[in-house]
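Structures incoming, each one as structure tokens.
Each of the next two complexes has chain A plus one other chain: chain B in the first, chain C in the second.
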Partner chain A sequence: MAAAEASIFSGSGDNSVWTDVSPLLQAACNGLQDGELIHGDNFNLYAAMSALEIMDPKMDSGMIGRYYSVDEAIDGGAAPIPISFDRTVDVQCTIDIMDHLLACEATWHKGHSLAQTVFSCIYLLRPERTTSHALLHSYSSVIRATCKAVISVVSDARTHEEEDLFTMMYGLNLNGEDEKCLSILNAVEETISRQLRACRALSARRKVLEDIEPLQNNPMLEEGYCRAILARLRFRKHFYHVLMCLKRPQGRGLQLARKHVASCISELKAIRELSGQHTACGGQTISEDRTTASGRQPVGFDASLNARLSAPTPPRSIKILSWSEAIEYFLKLLQDLDIISSCSLENSLDCVLHFVVQFQKSQPDLVARAHLQRLLLQDGKLFGREAIFSVISKAATLPEVVKNHDIEKMECVIQLGQLVINLLRILCANSAWQRRKLGKILQDWRVTYIQLELALRSKFGEPSGTPSGENICMNILKQLLVWVEEKVYWIASRFLMLGFELELYSTSEYGMVYWYIYVVSVKLVEKLHHRISISNRVKCRGKKKRVPGKDATRDIQFSPTVLFLQSHICLAEGLTMMLAALRNEKMILESPTPFNSDQERFFQHFELLQKAGIPDHNSYQSFEGSTKNASLSMLAMYNHFKDAQRIAKEVKSSFSDDPERLSELRRIEQVAEHNSVALSLLCRVGDALDSSLKLSFEFSHHPHFATAVVRRS
Partner chain B sequence: MEQGAESASPGIDAGKADAVSRVRGLLFRRMLVGIKDGRFFLGNFHCLDKQGNIILQDTVEYRSTRRSSPSPMEQRCLGLILIPASCRTSCHVDTSIEERLSLLSLQDHHDQTS
Partner chain C sequence: MDTGVSGGGDEKAEFDPSEITYVSYGGEHHLPLIMNLVDQELSEPYSIFTYRYFVYLWPQLSFLAFHKEKCVGTVVCKMGEHRSTYRGYIAMLVVVKPYRGKGIATELVSRSIRVMQESGCEEVTLEAEVTNKGALALYGRLGFIRAKRLFRYYLNGVDAFRLKLLFPQPYIHPSLLMEAHEDSIRRSSSDTIEVSH
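And then the complex of A and B:
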């Protein structure tokens, strides 16, 4: 090492120097035995295996490649400003850069690192350079501000562990003057609008009102380029507005957000449409992988320059989404954001839960889900407006007087509030992570339930001041307990259903899964019915006239919600029994697995539920007991599917204004119908099943409830 | 140069054993390793093997930002790294002046006896 370089590295003190030990090391190496190492007491060979090997391309992200640094790349002409002195080419290249950045942004949203995607753009890495180029400068300012806003909402949501490359910035600078970016953008948009007006006036041979320099040199292409750029700038402007509106607390910006979403969508569609006409302007053979509308490679991008900023080790090479995939991604994102913005802020907890579950069916991506979570939970309140205890009181239909008692301050009630907040957060996560967490929180809910029970018992034993006061308190706690149990079964039911969506069950396990769904749903309906009838009784008491006969019938009558769930229960029971019967009569061929017995598989699938005591700890015995005598002839006499059909039909009229529930009921009817037919066929066929017919279970009519299909083999 | 199964002179063996124990004494000291592409790695000397591969702990990587020198240096933390002997161009240890003298004298001694 030259003396000059050695001087750069300061020693540890005044008396210290860098001593060349290469000859000494060589001598030591000669003195070592084969396989012998020089190491300290704390040395661990296994740990040493995790050392990064220098000059290995897979492990050494600092290996010096084409350019030593971003600045050297710039000096080498990798990101020229202006891009070309021919203004037409400059505009073409600018559009390509804008398109590629959109594709990079979509790729980033999908879970890759910022450094490899959006910040592979050299222009973005040195923003001060672009000030002389209005288009690039305005576009890059708004992209930085947009990325910052997206990172902020995803970080707040804190459910992004699964997509964990997303928020790590590793020193990339996103700070800028966000407020200015919109005014810069507006100014540029204004200029190009005037250029567009001028060129249209010229082509219509109208008088040009103002003397304005055109965007570029070729008059034939001027209108096309102006429109292409305007659409892209407007999309960015409206998208930024969407993010800002959704950021406003307590959901104040939702309506305005919807308007901006609509504008975004129309600009994206315009971009797509215009690009069809654009390819004539110098586009090459268009491959589907292209990241720009024109098909050209954009100027000024180099992902390797940022390799050291992505992670300690070199990042895996990624594929940037194609331009059309990026547009599709943003269209879906905007649709999801629109649905979120349409969420009513007056919703009760049950409505919110239903809304989230429905929303998740379209499999929204991380950015949309993070926005939903932020809308629902702000400052520990629902929509940032209503305190959690108030939300729970309404959901559990607790009497108004609950405010007069100190129930809100009880430790277990505070815990319950936290559980509800956590539940909402979990429900906004992706389905795999969601299911795992739902299984885990069951224990927490159980513990809180037990604590509430203990509190109730201690109140019962307390010598009280006012006997009526104590009674009210006890009744409130009892109602809370019922509600907590109902929620526990709701969570368990969602946990089981998600298993179908994630394809976690094999066909031979459907029987036990449907049995579990049946048992959990029965409990859920029981608690739900209990809660509804209590609240109805409370309403009745408020009325002045009491007609005894009418009250009695009202108590027995089941609410539409209960009946809706009852149709599901009948279907689950029907499937359980059918699968059990087919198994008992050896009509389903199951290859016996040498690894796990039925009981072991039962426990593996339902371990978390069993641990939380849902429904009780000996469930396998119950399952075995209720299914071992199932037979087809028995089922011929009592057909659960027909019950399901009947109830579904009956309850349809109550949901005439709810298209989602109506379509769900229709699906239930279809599954019930098809299974009923299959069942009667199987009863008639008997042993002939093995030879000529093949039986399978498909999810053709409903995502969770299978339909038995009999085919000629 | 042909040698029998045993080394020719006990002096050399002593010299070699001495080198090994000397290097053992350098363990956990700050070591600066230069490699072929111009980068430097500063870390705590953790391990050496017979082939001359070095493991450093709590390493910081230094690199120039320009091909031409002088240029400003960038640095970043890497943790535990392994530097293969084949890419190493230099190796220095942070020592006091007295220690350097004794290390140099040892090397001279070794050179004389080999």
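And then the complex of A and C:
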């Protein structure tokens, strides 16, 4: 290639030298016959998949790029400063850029690379160019500071999920003076506020108090543009404040964060309103794909410029979220951040676990979940305040004396602390990844349990130097063991339930799943009951019994938490038996699979639980044994669904100030009711099921417990 | 990787299932047929290296379905050792739209699975989009379970299921399995993605 041509391309690399290899390729083509292959040992499937065919636009992203580098794009006029010499057009285009950046930011949050989204903006890639344009400069400064803050919280979370792509910056420069960005923004906001006041005074024919140059040329549009820009700037300012408040250690900024969240939400709504978007009236809007409020394409964006920076292999082109989708995304993110900010820092471990599980039901995205994780775990402490051993002591209701005890320094107890921290981290991850990890950690918890048991046994065998001291240590270990077992079953239960949310079970597998849920829940309740009874015994020891004759154990039997779980157990048992009965009586027909049987599928679904010894015996045989004699007539006599209904009703009064538990109990009641009715119908119908009626199982009333639905076919 | 077996739209071909012939991958002359089918029906672009990787190393696992000289379907697979299990992997499965819904895909896959079983595989695996109802139903009928959900596995943000079929094994007590897997508890627990796009 001639030297002149070579110099055109030199701008794209540092020390790269370009050589024409066409003759070499030609020789290679002639050297191989059709079907001949050279196979290198390290050319594996990954290498094959990463290879691309040059000039195939599906794979070669360079084919669709217009410029080879940022500088070339700038020289070509792709990102003019000012955007237009007509100040009105300049303002319009600036608003478009702001909107498109919001759409890019939301797209990035949703899992695409920063380089192809936010940093597809040429103005952001060369920040020094925008200093003369106050609006662009202030806006881009705050965007960079915001991106940096978001990357920081997601990196801190370190969940190693598939979303690792998120934090890859590939050499993009996010450094800048973050503290300054707010003061720059405030200055610009101040100017535009004054411009707004001036134009309002003018239109109201009041005297203009100050001599200020308007934002742009058209007096008719001045107010609209000022308000549109102000809302966008204020949104960015408050959003940055939210991130800074949430960053403050030990949850100190939560209350203030909520205030800024509220401001963000109101500014977003103002932005939407000002753009005249009438979502309610269903009128025909400009293309729904548009990434700006105006519908215009923004100036100054080119995703292909970063192609060499973005990824190890050339990236495929991605679709940027629409502007309205972006607003919806941020509204949801802000709502999630608000919920996180409302988390009480006094919460016990059980409350925290419950909070996280509830929070996850709304399917929060990565940025929200990373914030939750950072709030919960800082410096290895809960909320950055309480040491993990102290948290466990309270959760396991260990006696006060444990504080002065050496037990905290035991290897297995330290490991237990790590397991709890890890558990919290996992529970903040996306549900798909979360479930896999929950299954895997069961063995870690089982190992720690065994180590605690060994420690207890070794204490038994030791000569009793201080008998009372050793007794205390043994009691603490015993209590810890009970608590650890309870947690193991809690994790197993969550693992099983998540399978429904993730749609991992097919209808023919529901029977075995509900059976497993039943078995695990029974154990969970047993351990919970055990723990509560120990803690009550401990409590009552020191207290004078206020009500003479009142039996402590009677209180335990009616513990609302235990009863709450009991209603679930009855439901699970009812479903297991109903599905088994229907199968036994051939009312649901399942064709046998050619390569394996139910036993293999049972093993696959529950392998991780089985490996951790949950439960201890050979479960497929137990499952078969429990269900082979199930029949509809038997179920007509003993109706688990009625039990579930009864218990749910009874225990409702104990949760009168807990709206979540109340609605859960209501859902349990509904599932129980509907299944009970379906069961009676099926008992009456018998063989007629094949011909005129169709049976299905739907999650209409509860995400985990199915309702049998009988319809005319 | 990819399965294109659902839908099919309006135009349906008229044929009797007995008119379909199934052929094991026989050489270079089959490669363009496979590539055209996959290119046509599946959204992911594959380089020629990817095709050759599969059909050269495991020709016995790829099958083509013909209707009167016309290639109407294909399956492309591999097998090998993965973390101490010998397992098969279904990389691509395609049937052209007018021929869908008649069991051709099931027959193609079944043939491949049988070879895998005979070759000593303990299990078979693949990924499928959570929205690909046809594929999920097909593999479900063959005994695959949805072992995992992979968050945003595909570039367009869609989740995938990892589907797995376990062949019947001689019975091993779970506690023995626990010992055998003690090492893997200690090792890094991040999952390897079989194929990355």
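The definition used in the following text is that the second predicted complex is superposed on the first by the 627 of 713 C-alpha atoms of A that agree within 3 Å, B and C clash if a C-alpha of one lies under 4 Å from a C-alpha of the other, contacts with A are read in each partner's own complex, and residues count from 1 in each chain.
As a working rule, a contact is a pair of C-beta atoms (placed from the backbone, for glycine too) under 8 Å apart; a residue touches a chain by one contact, two chains touch by 3 or more.
Not measured: the values here are computed from a predicted model.
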{"item": "First (chain B), second (chain C), both or neither touched by A:110", "value": "second"}
{"item": "Chain B versus chain C as contact partner of A:15, first or second or both or neither", "value": "first"}
{"item": "Chain B versus chain C as contact partner of A:68, first or second or both or neither", "value": "first"}
{"item": "Partner chain in contact with A:380 - chain B first, chain C second, else both or neither", "value": "neither"}
{"item": "First, second, both or neither for A:31, with chain B first and chain C second", "value": "first"}
{"item": "First (chain B), second (chain C), both or neither touched by A:505", "value": "second"}
{"item": "First (chain B), second (chain C), both or neither touched by A:686", "value": "neither"}
{"item": "Chain B versus chain C as contact partner of A:610, first or second or both or neither", "value": "second"}
{"item": "Chain B versus chain C as contact partner of A:219, first or second or both or neither", "value": "neither"}
{"item": "Shared chain A contacts, counted only where both chain B and chain C touch the same residue", "value": "34-35, 37, 39, 43, 47-48, 51-53"}
{"item": "Chain C - residues contacting chain A, complex", "value": "27-28, 31, 45-50, 52-53, 56, 78, 110, 113, 117, 130, 140-143, 145-153, 155-157, 159, 161, 164-169, 173-175, 177-178, 181, 185, 189-191, 193, 195-197"}
{"item": "Chain C-touching residues of chain A, taken from the complex the two chains share", "value": "34-35, 37, 39, 43, 45-49, 51-53, 56, 58-59, 110-111, 160-163, 316, 318-319, 430-433, 435-437, 440, 443-444, 447, 502-506, 509, 591, 593-597, 599-601, 603-605, 607, 610-613, 618"}
{"item": "Residues of chain A that touch chain B when the two form their complex", "value": "1, 5-6, 8-9, 11-13, 15-40, 43, 47-48, 50-55, 62-64, 68-69, 71-72, 308, 312"}
{"item": "Footprint of chain A on chain B - complex, ascending", "value": "15-17, 19-20, 22-24, 26-28, 30-32, 34-42, 46-52, 54-55, 61-67, 73-74, 76, 78-84, 87, 89-97, 99-100, 103-104, 106-107, 110-111"}
